[in-house]
Every structure is written in structure tokens, then in C-alpha cells.
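As written, the chain order gives the labels A, B, C and D, with residue 1 at the start of each chain.
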Amino acid sequence: MQEDRNRGSYIGQAWLVILLAALYGVALAGVQSTLSGKIEQNKKAETYEVMPDLVPGAQPGLSEELTVMGKDGQEARLYRAVGAGGRQVGWLLPAGGQGFGDRIEILIGVDTQVSTITGLYVLEQKETPGLGDYITTDAFRQRFRNAPTDRPLVVVKTDPSQENEIRALSGATISSESVAAIVNRALANCGAPLRELAAQARPGRQGRVESTQ
Amino acid sequence: METLIGVVLIFISAALINNFVLHYFVGICPFLGVSRRVDTAFGMGCAVTFVISISTMLNWAFTSFILRPGAPLPAWVWRTAGGNPQTQLDLSVLSYIIYIFIIASSVQFVEMYVRKFFPPLYKSFGVFLPLITTNCAILFASLEVFKHMQDPTNLWGLPQALTLALGGGIGFTLAISLMAGIREELDLCDVPRPLQGAGIALIIAGIMAMAFMGFTGVDKGVETALTSLLR
Amino acid sequence: MSEKTTSSVDRAGPTALERFINGVLPENPIYRQLLGMCPTLAVTNAMKPAVTMAAATAFVLICSNIMVSLIRGLLKPHLRILVFTLTIATFVTIADRLLAAYVYDMSKQLGPYVPLIIVNCVIISRAEICASKQTPGVAIADGIGMSLGFGIGLASIATVRELLGSGTWFGLHVLPATWPNWGIMVLPPGAFLTLGLLLAIVEWGTRRRAASAIWRTVRMLWSWRH
Amino acid sequence: MSLALVALALAASVLAILAVAMGYVLGWANRKFHVAVDPRVELLQAALPGANCGGCGYVGCSEYAAALAEGKATVGLCAPGGGGCAQHLADILGIEVQESCPYRAVVHCSAHAYQRLQRAQYEGEPTCVSANLVGGVQGCTYGCLGLGDCFRACQYDAIQIVDGLSTIDYDKCVGCGACSRTCPRNIITLVPFKAERMMVVACSNQDTAADVRAVCEVGCIGCQACVRVAPELISMDGALPAINYDLYNPEEAESLKSVLEKCPRKRYVFVGKPSPEDLAAVEHEELPEAVTADFKTTVDDTEWRG
């Protein structure tokens, strides 16, 4: 933007720009410090709001965020879902992966022992409207509920005969498979560390926690 | 391996599937304005690819050292100031203003540099350089990179950022050159009066966007193929 | 150079009312000037994001117009674009944060298109043409008029796309449930096609003799009154 | 120290340092990489809005500025900048705003209906566009069809069809170019009117002499007599002479007149506002009575017998 051909001081020429830059910096930092709390809250609320739906009995106010070391050697972010009386009721795993259109970001709810899936929620997707975007519907998400986590989920086109089979959406097999693949990968990655964590946290009360499911 | 597959997917996605122009609608102004002749359009595309790579690289550096949550510079300042280590100093609010500043300055700098040292290059696409400051595609690439620098557990490195920029630039060049080719032919057609100019150009763009929608799902296939190939 | 700039600052431009009227229809940023195409196409798949976008753009446009108009005497010609850009970027960031704080789901849906307001040619061209030359009062009128024109443009496209694409308007079901949603309308190609056809309709409407004669009379009356 | 305070200070200083650094780097680069260019280009560029909208037909403001400095473009092309910008540009270039040399439409055909041969009875839709699609409406495939597309396109009532030939009223023409865009045969161009009356080539037929004679009583036969008289001003463009208006000097009446006289087909004509001589010549002629519409149909005059 310095198109002048004067040999004078460029800084002198640009005093207004520098002054404005500093001024704007202050203004922006002011705005940030005023609003950042609220924005953070909004971001968290997005996950916490759906938590009771995905992990039955969870109370968002008591739940907390933590990171575990995944099998792939990278830290993974997840949530401990805590119910009434400070009792843990399950986990909430954010996961993502390639869909048919773009990346799909989902939240997976599992029980404390990571033995069954208790719920699924699609945060972000750009699947084909009218076909693939039905992965956000309740009807599709229900198909994952109570699926076991000890073996990978398999997508089938007919009515499922096995527990670990998920019926695909007609016309959107790839989208359905993508969601199942994301779930499989996330559980394979974080399942073991989570079970360990659960065993450490409440070694004596495992049975009780399981019985609430 | 994972990184390599990731990079390939980013490239395919940026260049074809989620083409900057036809899917994200960024860079529409030059797409409609500078698409009357194929050689001009191609020159514009090259200039965009060039500038988008440079500015995204610079902006990636600024993002990873200053702007992203938990970046080294604000963390160091906060420590030096004796702040509470529980809280974090976040400068991400400055990102937009810094991005546009860097883009404007780097375009200016590149223009001067190329004019001095590569006069033939300047002759062929120098005129496009100043236009690029207000080209949304450039800023969009930086913003996409910024989006992927939010989560400290999953940061984009320089390869990913640069691939996104290159893919986006190449996708833009492809789209604008195709458009120019069609419009050259269109000059010979009898277009209804009200549609002449921008109207017909937009409708062509719509049809092109439909064609590019055919690429949807390619990345899924490529991912599967690469994964099985590399294992 | 600087002398000339000063003289152009003092040159009496159009009045506030003229600026306002001009922005709404005769110089409508979308249909007549084809500016700001990026948000026009990207966020108009439904009314809600379109209206949010129009509001955010209006906020930035009016604020930056005021700011530029206030500092217009201090501007150096060769640095003016930089100053405009910095000013716009600041207000865009503020708008972005406000959206994130108070309408989070919209802010998430609009995503990168809010920061892309920075490079929306409508704003920088208003700063250049009007705000850097005229008083804040006129600049505000200009900003409101242009924003209104921009909003009308966005809303018209969004109405067509949401109605045909989802059968709804502002999320309310308007068309009967039997309406087969035209999926393509909410997808990117639908944006291009809708805008192309709407442009043609506007062009056709204004080209016709009768319409243009009426329009000329209205304009004449305006100029005669002032 | 509170978080907000540090954030404020840090944000301000980051931006200010960045501004200083960039200002310095760019200033240094500007000096270091300086390339001598026409200083007017930079001035022109500064005077342009910088929106790079491309409305002027150039790639961006800088290309338009370069074209202006080279004299290839006129100052009034920037729509966003408007009249003030045009004045500004003209000041820098040291020229007057081009109002003194406006563009006006010129019909490059001067054959009235009776001079055009091989005409057929055309009964299709009465527009040039459709007649142009049909072969054989008239012998000349280049010349005016006289069905008035330009007349309808003109917003200023500056075109009339006189004896099947589009004729421009230069008192009314503002040079908007609507007619030239609408003409399906592209025989209307915009010519810079350096004087009230300009010499133009009034034919568009690109065929050889024999073919031209077969279809038109007055068309240019491409004999090149004019090029021999004024070789700088006129050059052949295919089979037709073209006048280079950059070199056209309305002051040189004599040389222009000699071109006019040399042409065997008299296809060089002066068009524009009527000269005093023309006005004097028709002074004593009576004006035809102005016709006013009385909205009567022929039925009203019919005597009914029956």
C-alpha cells in the first residue's frame, strides 16, 4: 500500500495506519474479553445440550472434559458424563472422518464400561440433501443405540440379524457406512484407554454402574 | 502415512469436490469478471495460485505462533507478565485483521518483487496481482487453515495448509479457464437479451457446479484405495 | 495530489436522501452493480442465514462508513485502501464475535462467510465513493440504503431457494407437504441458477420501455424536489 | 496484572508492530525494487477507486490506468468513480474530459431501399434479428435491413428508418451504443466525433466489386482510390477502407474533401449535425406538415352503403 515515491520516512507517512492499528487492536481485545466467556459457553453448550440424550441420566452441569492418549499415539478429547449424585453414567466421544460429501463430525455416547453405544449425534455434515443428510434424523441415529462395541459395526442393506449390524439408509449407503466407520475407528482408538480409566476411577463399583444401564 | 493420505484428500477436496468457486462461492468476482478470454483467465488463475500459496504460508506461520489458542507468543507473554497459568491469553480475535493485512502486504511485495526481477512474468500476470487483494479465495484459504488450528490436539501443519492453498488455487484456475472457454464460444450464440452478460454466466456456472458435484464421493474412494494400497 | 483530494472532499456530492434512495434500487449492489457475489450465493439457501448475513453486513457497512467519514480529512491517497481494509476488518471481527455470542447456531452455519465480509466489494466501494468524501450523516444514509438494497437482494434469492428447495420460509412450512423439495436449489448449483434467472428478470423488467419511463419520471420528480 | 489488560496491550502492540514492520518492509521494497514507470500511471491509479471491479473492460484499475497513460482508453469508463473520477483522471492526463470528443453512432450503410437490389418480399416477423436469420431478404448480406431493431433499441428517439435505411439524428444521439449492440449485422459503430460533422465510410460490404455491384447501386467496390489519396488516414481492412480516427483531423478540410471527391461510388459521406450551408439550402423549402394522431380508424371514414 506504500505507493509513494517520496524518499521521506515511510513510518512518518503511515502514522495514521499505525495509530489506527493500535486502536483497533485495543478495541478488538476489549470485545474479546467482554464476549469470550459467552462464546466459550456457547461452544460447550453445543455438546452438553445433547449429552442427556446420548448418555441416559447424564447431567451436563456435572460433566467434565478430559483428554486420553489414543491407540494412534495422539491425544483425544472426550467428555465424562456424570449423572445425579456425582455418579458416572458414561462417556461422550467426539469423532470425525470422511463422509460422502465432506467430513462428518459426530458425538458418540457410550456407557461407562464402553460396552454398548447409548446414542449418536451428528454435529456437522455436508451429505447430499434429501439422501445422505438423513443421517441426522432420529430414525437413523436410533439404529446405533444399544449396538455392542466389542466388534466393529457392519452396515447391511436388509433388516439386521446380528446385534452389530446397522441398516443402511436407502440411497445413501456410503454416508451410512462412513458414520459406522467413524464410530468403529473412534471406539477402536479410545475404547481400551477408556475402559482402563473407568476401572481405575471406580474399581469397587463397577457392577453397580453397569446395572444402571 | 496418515499424513500423506490426509494431504492427498485435502488436495482433491479443495481442487475438485469442494471447488473454491463452484462449491464455496469464493472468488466469484474474478470468475465472472475476468473470464472473457481463456489466456487472461488462465493468467488470473496462475496469479491466484501463486499468491494464495504465499499468503497462506505466511498466515499459517502467524496462526501457529501468535493467533491460535495456546500459541507460543501469547503464552510466553502471559508467563513473563506473571499471569495465572490456569488461564490462557487468546489472540485469535486479531486473526481476521492480521490475515487481511498480511494478504494486502504480501500481494504488494510480490508485485514489486516480480516487477523488478521477472519482467516477463510481470507482463503476463502482473496486472492481476492488485486485484487479488480483494479476492475472497485468498482470505478463505487462510480462514480454512485457521479453522483447523483451533483444536490443540489436532493441528494442521505447513504441508496441510500449503496443500489446501495449492489445491484451491488449481481448482480456481480450472474453473475460471473452463468458464472462459465456454464464454468464448458463447459470444457466437444468440442469448436472450435479459440474460446477456452476468445472467448467462451465472447459469453456466450453475451447470458447471452440477458437473463438479459429480466429484462428490471421489475422496471417499481415494481414501479407501490409498489406505489399502499403503498397508 | 493532496490538494486535489482536499478539493474532492469539499466537493458537494449527492445528498443523504439521494444516497439512500440510490442504494436501495437504482444502484442495488446485487442486481445492478453485481458486487458482493460471494455471500449472495453462499448463504442464501435459507432465509435465516441470509437475513443474519444481511444484518452483519449492514452493521459493518454502516460502522465503517461512519469511521471512514470521520477520518476522511486525515487520509493519505496511497494509504487509503489499507486504512479502509483495516477498519472493515475490525468491524467484521466485532460482528463475528457478536454473532458467536448471541446467535451461536447462525454464526456456526455462516462459518467463514462472516469474515469474508472483509473482502465484500460493496463495503470498500462505499468507503471509496461516498464515505471518504462526504460527512458522516450522508455516509450513514448511504450505508443504510446500500445495506437495505443488499438485504433485499439476499432475501429475494433466499426466498426463492428456500421455498423451492425446502418448501419452507424462515423454517415455517409454506408449501403443502406434497411439494417435492427441489434438492438442487439448496445446493451450490441452485444458487447460481437462481441468481442468474433473477438477474434476467430484473434486467427484463427495467429494460421495458414502460417501466423505464415510470422510473425516469420518478427520478425526475426527485431531482426536481431537491 | 489482569488477563484483559495484558490482552489489550499485547493486541495493540502486535498490530502496531506489524503495521510498522510492514510499512518499513514495503517502503524498503518500494525503493529497492523500484522500476521506472510512467509517473502518471501511479497518479492515475491513485485517482481510481481501486475496487478492481472490471467494469471498464480492463482487468483491473492498474491496467486501466496503464491504458489511460498510453492514450488507449478514455477517461469516462470508470462507473464506480463517476464523473468526479473522470475529471480527476483528465486533470492528470492534462486533457479535457472527453465531452469535447463524444462518441456517436454511425450506420455504415447508406443504401436506401430502392438502391438495394435483389430484394424479396419479406413477410416474417418484422425485426432485423429474424430477417437476418433468413437468407435472401435482400441481395446485400452486409447492409441495413431497415426493420428498425436499432430504432426500438434507442432510448433517445435518435434513430429513424428513412426509406428502409436506419438514419441517426445527431441532435439527439448521446452515443450510448444501444443500437450498435442490437444491430444483428453489426453495421452501427461508435465513432469519436472530433467535429460536429465527421467523414465516415458508409458501406459494410466486404465482397468484391462485381458482387457488390450486383446487389447494391451505391456500395463500396474496394477500388482503393481513397487509400491512394490519403494513405496515412485510410487503410484497407479486407475489401473495405477504414478511417483511422486517431489521425483524423477535422481541420484538414481540403484533404478530406479530396478523399470525398475521389471516391467513384461516393461512399464517403459526412454525417453529423447539419452544416450552415445545408440549413441554408433547405431554408426556403416548406416543412412537411406535422402529423398528429387523431385516433380514428379507417372504418370511421368509410361510407356505409348497404
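FYI, a residue touches a chain if its C-beta (ideal position, glycine included) is under 8 Å from a C-beta of that chain, and two chains touch if they have at least 3 such contacts.
Keep in mind that this is a model prediction, so the values were computed, not measured.
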{"item": "B-D or A-B - the one linked by more C-beta pairs in contact", "value": "B-D"}
{"item": "Gap in Å, rounded to a whole number, between the CA centres of subunit B and subunit A", "value": "27"}
{"item": "Centroid distance [mean C-alpha coordinates] between subunit D and subunit B, Å", "value": "40"}
{"item": "Subunit B-subunit C separation of Cα centroids, rounded to whole Å", "value": "24"}
{"item": "Averaged-CA centre spacing for the pair subunit D and subunit C, given as whole angstrom", "value": "33"}
{"item": "Residue list for subunit A, restricted to those that touch at least two other chains", "value": "1-4, 13-14, 17, 21, 24-25, 28-29, 31-32, 128"}
{"item": "Subunit C, residues touching no fewer than two other chains", "value": "35, 78, 81-82, 86, 89-90, 93, 97, 121, 124, 187"}
{"item": "Multi-partner residues of subunit D (each touching 2 or more other chains)", "value": "3, 7, 10-11, 14-15, 18-19, 26, 30, 34, 46, 50-51, 53"}
{"item": "Chain contact graph, described as a line, ring, star, complete graph or other shape", "value": "complete"}
{"item": "Touching residues (chain side subunit B, partner subunit C) in the complex", "value": "22-29, 32, 93-94, 96-97, 99-101, 104, 133-136, 139-140, 143-144, 147, 192-195, 198-203, 205-207, 209-210, 213"}
{"item": "Residues on subunit D engaged by subunit B in the complex (per definition of touch)", "value": "1, 3, 6-7, 10-11, 14-15, 18-19, 22, 25-26, 29-30, 32-35, 50-54, 59-63, 66, 129"}
{"item": "Residues on subunit A engaged by subunit C in the complex (per definition of touch)", "value": "1-4, 13-14, 16-17, 20-21, 24, 27-28, 31-32, 35, 38-39, 42-43, 45-46, 128-130"}
{"item": "Of all residues in subunit D, those that touch subunit A in their complex", "value": "3-4, 7-8, 10-16, 18-20, 23-24, 26-28, 30-31, 34, 39, 42, 45-46"}
{"item": "Touch list for subunit B against partner subunit A, complex", "value": "2, 9, 13, 17-18, 90, 93-94, 97, 104-105, 108, 151, 153-154, 216-217, 219-220, 223"}
